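One chain, subunit A, appears in both complexes that follow, with subunit B as partner in the first and subunit C in the second.
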Partner chain A sequence: MKTVLKTKLPELFEKLANNYTVFVPAKIEGISRFAPYQNGLELALEENVLMPPKDIFFPQTEKMYKFKAKDQYLEIEDLPPEEGQQVIFGVRSCDLKSIDCLDQVFLTKGFVDAFYQDKRDRSILIGLSCVKPMENCFCSSMGVDPQKGVGADIQAYDLGDKVGFEAITEKGRELLGKIETLLVEEAASVPAVEKFVLTADIEGVPEKLKNMFDHPIWDDICRKCLNCSVCAFVCPTCHCFDIASEVRGEDGTKIRCWDTCMFDEYTRMAGGHQPRPGKKERVRNRFMHKLRYFPERYDMLLCTGCGRCVAKCPVNLDITAVIRKIKEAE
Partner chain B sequence: MSDKVKKMQEIAREILEKGEAKVVIGWEKGTHWYLSPPAFIDKPEEVERLVWDDFCHNNLSKYLKDYVNHEGKVAIFVKGCDSRAFNRLLQDKQIERDKVILIGIPCHGLKDQDKAKELGENADIPKAKKCVECRYPNPLVYDYFIGEEKALDEVAAASEARDFSDVEAIETLSPDEKYEFWNKQYERCLRCYACRNVCPACSCRECIFDQTRVGWIGKANNASENQFFALTRAMHVAGLCIECGECERVCPMNIPIMLLNKKLIKDINLLFGPYDAGVDVDGKLPLGHFDKNDPEEFM
Partner chain C sequence: MAVTAEDVKKINPLVPIRAKVIKIVQETPDVKTFHISTMDDKKPFDPMPGQLGMLSLPAIGEAMFSVTNKGESHIEMAIKSVGQLTEALHEIEVGQEVGIRGPYGNGFPVDYCKGKDILFIGGGIGLAPVRSLIMHCIKNRDDYGKLTVVYGARSKADLCFKEDLFENWPKVPNMDVFVTIDREEEGWDGHVGFVPAYVEELAPKPQVTVLCGPPVMIKFTLPTLQKMNFKDQDIITTLELRMKCGIGKCGRCNIGSCYVCLDGPVFTMEQLKDLPPEY
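After this line comes the complex of A and B, so read on.
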């Protein structure tokens, strides 16, 4: 396996940064997230980052086009295209799986989202294996292999003081070629994954949920929820958005922004009717979407077990506990 | 099980068995040992879920708004800060006193969850930041009471030593430096509205930030919209904040929200005299009435 010392990673990023925008896990103002590599950036390689790589492909606020409107006249102006290849280093298996989920939504079933596709096509993904699951991780319960993700161009392995690389795709092989001088070929074995603190038994849950829309379980589960959107905004797979206009005089910009089924506005209709008026309807939708509707449509769960919502929910509305309650429900 | 927890469960069981309330809201153990999230108990046989420990952070009075149209009474456990939140809602006529059964529980000062996670179960875990400066550990209003009140001289000493040094440190900055400081904080704001939704002072039927058709705030997440959110939220709870610190605890982006709230408390104290929200239910709100002696340098 081709390896490099972790202490030499900045050198490697530096080299790649000559030709690519290199997103790396970093700690900025106390928050860990993917950020373009630059000299002096504090790397965050010990644990997965709080903010998933989702916003690299699907930003919280995305400008779509500009327009000018006057009387009967409307002019639409495309924004200048973004260019350049980007490398995203250190994507854990849960987050690689989440990109797979996003790909389903934005690229399949006859709907191709040009904004997403453009960013996706310009990206090379380098996965990173996990050795010690964090306290809220439960990816292995959701069918994700913490040592090897799906859809990576290169899979990197955490070898302790070193990182090993394995090219998966042609793009990946090409990229590894560019940093070959920094890598050493040596025999290396990937350390076994340590025990998970959190687990979930998802077996049969999507099927069971088909008959649970009116189950009293939701009356109980929803009660402590505050209907904020911490869970959705730190989630690597939540992908709902809302399109809005920013208008100043005759000029405007169309933007699309992250939205969430927790918010009142999300389902509020033009006439003012609110089909999901309360906590129960919204909480039910969140879990139904993740565990039933998405599997029905795309044959995969919309939860990858990254544990971010468990870690950040203000009232500890833990999805593994919800899964347990669904399993136990009569 | 501590005597307090036993007593808690006993009272909850009694209330449910006698049918005095249909639900008791307390705390229970969560996913990890350092989490004690809200619990809703409907049946006497479920009272064993209830706990009282170093991590019962959630301010339960917030949930009373969900029970405004509820038939019968609701029982909730209140720490000092929960009881001040209750008083605030009562003062605004958001809830009715006789529809709520309050079970007071004096608070010893809760512990920092992040530090607990980092240091482990057997370590000496420091107090949560929000609890270090607490001046009202004892419930101010209750129907049942558990344990012993914290000695009043201890509470008085904490009041004497009211510490605004963190606010003063920001006040000494130049306008440009202040702008830079706050912009940096709120640049990372996700506008998840957890701070608003957990806040017992945020009790508007429809929040200004949800009136999207009016367009007070744009949907975009950028420095300008985020600043508007930060300032408006802070001004809207000025004079109403009971300093439970929940906004800052739940912020996933670690924004020092209480620093803004404290600045407004400091200003109110200076302009209208010392005031603690949610302490005196019958008193007038400093920003809720006009007094001929109010300062009006701006006129």
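After this line comes the complex of A and C, so read on.
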């Protein structure tokens, strides 16, 4: 396996940064997230980052097009295309799986989302294996292999003081070729994953939920929810968005930004009709979407077991506990 | 050439094209029909009956409307003033430039309906989407059997498409039009009463029924239709939920695992029975 010392990684990123925007896990003002590599950046390789990589492909706020509106006149103008290839290093298996989920949403079922596709096409993904699950991680319960993700161009392995690389795609092979001089070929074995603290038994849950829309369980599950949406904002798979305008005088920009089914505004119609009027309906939709609707539509769960919502929910509404309650419900 | 659904998929489906309002018809005190063409006087896109279009005054907002009719070089949207965007739309005048994108959604099953007698049931602005199919059947009159329209509104003033209801459609061969209003009023010698009861009273014998109206009308009409022994796959309705993207990505118009903008807006009773009642 081709390896590099972790202490040499900045050198490797530096080299790649000549040709690519290189996103790496970093600590920025106390929050760990993917950030473009630059000299002096504090890397965060010990555990997964708090903010998932989805905003690289699906920014929290994204400009879509510009317009000019004056009296009866209207002009609609495309934004200049973004250019340049990007490398995303250190994507854990849970987050690689989430990109697979996002690909399903944005690239399939008849329409292709051009904004997402453009960023995705310009990206090279380097996965990074996990050795020690964090306290809220349960990816292995959701069918994710913490050592090897799906859809990476290169899979990197945490070998302790080193990182090993395995090219998966042609794009990946090409990229490894560009940093060959920094890598050493040596025999290396990938360390076994340590035991997960948190687990979930998802077997049969999507099917069972088909008959649980009216089950009293939702009254219980929703009770403590604040509809604050932190779960959706840290979620690597949540992909709902709003479309809005920023207007200054005659000039405007159409933007889209992350939205969530936790909010009343999300489904409330002009005229006042609200198909999901309370938090029970909204909480139910969130979990139904992740565990039943998405599997029905795309044949995969919309939860990768990253544990971020478990870690960040202010009232500890834990999806693994929800799964357990569903399993136990009569 | 008008833009087809396939073309829309090739271009960026979230960016509207520039279009203009060429005619505005005041249907009722709070409903206007807008005729929309591209800047070079073409149809912005070629929708099938029941399909949707996203119309925008970009500085104010963008919303999904059913396309109630199409002409050689324009499409029509009948819009009720209920919110910020629709109120602004009601203020505009002919010549206003707008953004438009589409067509979206599945549309009515025009082939399935071929050769059959069809009952159209509409309430209030709910006639707007149904009208697209009525116009299609009239245009292809020989392909369809007897056409029966039962339409109701709160008052005479609130009846949409009066010219069609009282002038055009009654002249179409093998087509009956029944109109009702909720309460007696001066100058109205037609039927008075709610739509579901009127349908029951008329007891037409079609093979397929297409209905759209306020939830309360649908709720009370369905038992009537069941009494009339319709099969679930022959009760067809069109739904409306809040939409933003129109292409099944932004999430908000889901009913269970379906998206109304993409898998709908047209559903049969058979399909709705399999979905959660969240609409």
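In this text, the second predicted complex is superposed on the first by the 330 of 330 C-alpha atoms of A that agree within 3 Å, B and C clash if a C-alpha of one lies under 4 Å from a C-alpha of the other, contacts with A are read in each partner's own complex, and residues count from 1 in each chain.
By definition in this document, a contact is a pair of C-beta atoms (placed from the backbone, for glycine too) under 8 Å apart; a residue touches a chain by one contact, two chains touch by 3 or more.
This structure is a prediction, so every number in the text was calculated from the model and none was measured.
Annotation: superposed three-chain arrangement on subunit A; subunit B versus subunit C shows no clash, the two fitting side by side. Judged by the touch definition given at the top, the superposed model places A:Leu50 against subunit B, while subunit C stays out of reach. Judged by the touch definition given at the top, the superposed model places A:Asp242 against both subunit B and subunit C. Touch criterion not met for A:Gly40: it reaches neither subunit B nor subunit C. Contact with subunit B, but none with subunit C, is seen for A:Pro314 once the two complexes are overlaid on the shared chain.
Shared-chain residue A:Cys228: touches subunit B; no touch with subunit C. In the superposition on chain A, A:Gln72 makes contact with subunit C only, while subunit B stays out of contact range. In the superposed model, the vertex angle subunit B-subunit A-subunit C (Cα centres) comes to 90 degrees (nearest 10).
In the overlay built on the shared chain, the residue A:Gly271 is in contact with subunit C alone; subunit B does not reach it. Using the contact criterion defined above for the overlaid structures, shared-chain residue A:Pro80 touches neither subunit B nor subunit C, since it reaches no partner.
Subunit A has more of its residues touched by C than by the other of subunit B and subunit C.
Fitting both structures onto chain A leaves subunit B and subunit C with a minimum C-alpha separation of 7 Å.
With the contact threshold set out at the top, residues 242 of subunit A are in contact with subunit B in one structure and with subunit C in the other. Within the complex, the subunit A residues that touch subunit C are 64-65, 67, 69, 72-76, 78, 105-106, 109-115, 213, 239-243, 245, 247, 252, 254, 256, 259, 261, 266-271, 273, 275-276, 281, 285, 288-289, 292-294, 296-297.
Touching subunit A in their complex are the following residues of subunit C: 8-9, 12-18, 57-63, 82-86, 92-93, 95-99, 215, 240-242, 244-245, 247-252, 254-257, 262, 276, 278-279. Note for the complex: subunit A touches subunit B at residues 28-31, 50, 60-61, 135-136, 198, 220, 223-224, 226-230, 232-234, 242, 244, 246, 255, 257-258, 263-265, 279, 310, 312, 314-318, 320-321. Looking at the complex, you find that subunit B touches subunit A at residues 30-32, 35, 37-40, 58, 62-63, 66, 117, 184-185, 188, 190, 192-194, 196-198, 210, 212, 218-222, 246, 249-250, 252-254.
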